[in-house]
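Scroll down for the structure; my scribbles are underneath it.
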Amino acid sequence: MPLVRIDFRKGIHNDLGNKIGAIVYRSMIETINVPENDNFQIISEHEANGLIYDPNYLGIHRSNGIIIIQVTLNEGRTTDMKKAFYKMVSERLHQELGLSKEDIFINLVEVKKENWSFGHGVAQYAQ
Amino acid sequence: MPLVRIDFRKGIHNDLGNKIGAIVYRSMIETINVPENDNFQIISEHEANGLIYDPNYLGIHRSNGIIIIQVTLNEGRTTDMKKAFYKMVSERLHQELGLSKEDIFINLVEVKKENWSFGHGVAQYAQ
Amino acid sequence: MPLVRIDFRKGIHNDLGNKIGAIVYRSMIETINVPENDNFQIISEHEANGLIYDPNYLGIHRSNGIIIIQVTLNEGRTTDMKKAFYKMVSERLHQELGLSKEDIFINLVEVKKENWSFGHGVAQYAQ
């Protein structure tokens, strides 16, 4: 169900895209009740002029290594669950891949459960 | 009004992108009351490591031919209309282009009618 | 907070991507209460077959110079604020960069304030 879009600049995280994606996926399972194997991601790299960020907004010091993670998922997660998700993604990207926690930008877009078809033209989550 | 993003892997659906998009467009008109000529789409192809999918989630057997269709549209369609849309897209992509119904992944993101400007800096759908 | 995706065709707006983005950013500050320095954008150029548009929907005459601007932001802006945003973006892109107002397509996707992490794995806008 979650559809994850991950965007970062070219030449910064060479070959790390799939590892970043895998950490996002596992963190969703552990914090926001995403089912096992529900893993769909689009990972895009951009030239410097294709990914714009502010290096200091809210006092956070971002670098060209910024990673923008936008997750479309079903509504219903609590704020505490969302906080746990942000924290786990950030910590694991730092601990396992050495990325800066200040470079991890996350946004969630929530939709209804009947807004998905996983194949066969069927709305698998609709009642 | 719908803004359609279609993503798939490179080298799989050569030159089929626009035909896939046209089927999505016509299916929206016939099932979810999208107006004639309201056709805006972004179609992107990705290297293998840029589009991640699970090959068996929910018992559906996906291949590298997976097509991810994300549609942003106005809220208000019923679940039955959404189901009809998924079914028609899937059947037509299979019948007209020979694609596997198991490879068709669809997600809807709903917004308010005042959330669109189609040109001239005006919110054409706002009251 | 706003995450801005800007898409247009290659070879049309050479080197204008960042200027277009800067106008969208400044217009958000002046019309829809976006904080200063809250600037995060993904700008993508597409081959002709990767960006489909209707050249006449709603009587607006679009060209290959069409610019699709999709903004994910917090809910709560009034319709009047949204209208002011569309108008300012369109007018400035026309006046400052010579773009056609008929080529400016804008869509807003609204989310809750706890749906963002700007770094450090923290939900900075959650209460």
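Quick notes on this structure:
We call the chains A, B and C, going by the order they appear; numbering starts again at 1 in every chain.
We take it that a contact is a pair of C-beta atoms (placed from the backbone, for glycine too) under 8 Å apart; a residue touches a chain by one contact, two chains touch by 3 or more.
Everything numeric here is computed off the predicted structure, so don't read it as measured data.
Between the two copies, subunit B and subunit C, the C-alpha superposition involves a rotation of 120 degrees in steps of 5.
Where subunit A touches subunit B, under half of the residue numbers in use are shared by the two copies, so each contributes mostly different positions. Distance between subunit A and subunit B, defined via averaged C-alpha coordinates, is recorded as 21 Å. Shown for subunit A are the residues in touch with two or more other chains, namely 44, 109. The touching residues of subunit A, when paired with subunit B in their complex, are 3, 17-18, 21, 35, 37-45, 72, 109, 111-112, 114-124, 126.
Residues 7, 44, 46, 49-54, 56-58, 60, 62, 68, 70, 79, 82-83, 86-91, 101-110 of subunit A are the ones touching subunit C in the complex.
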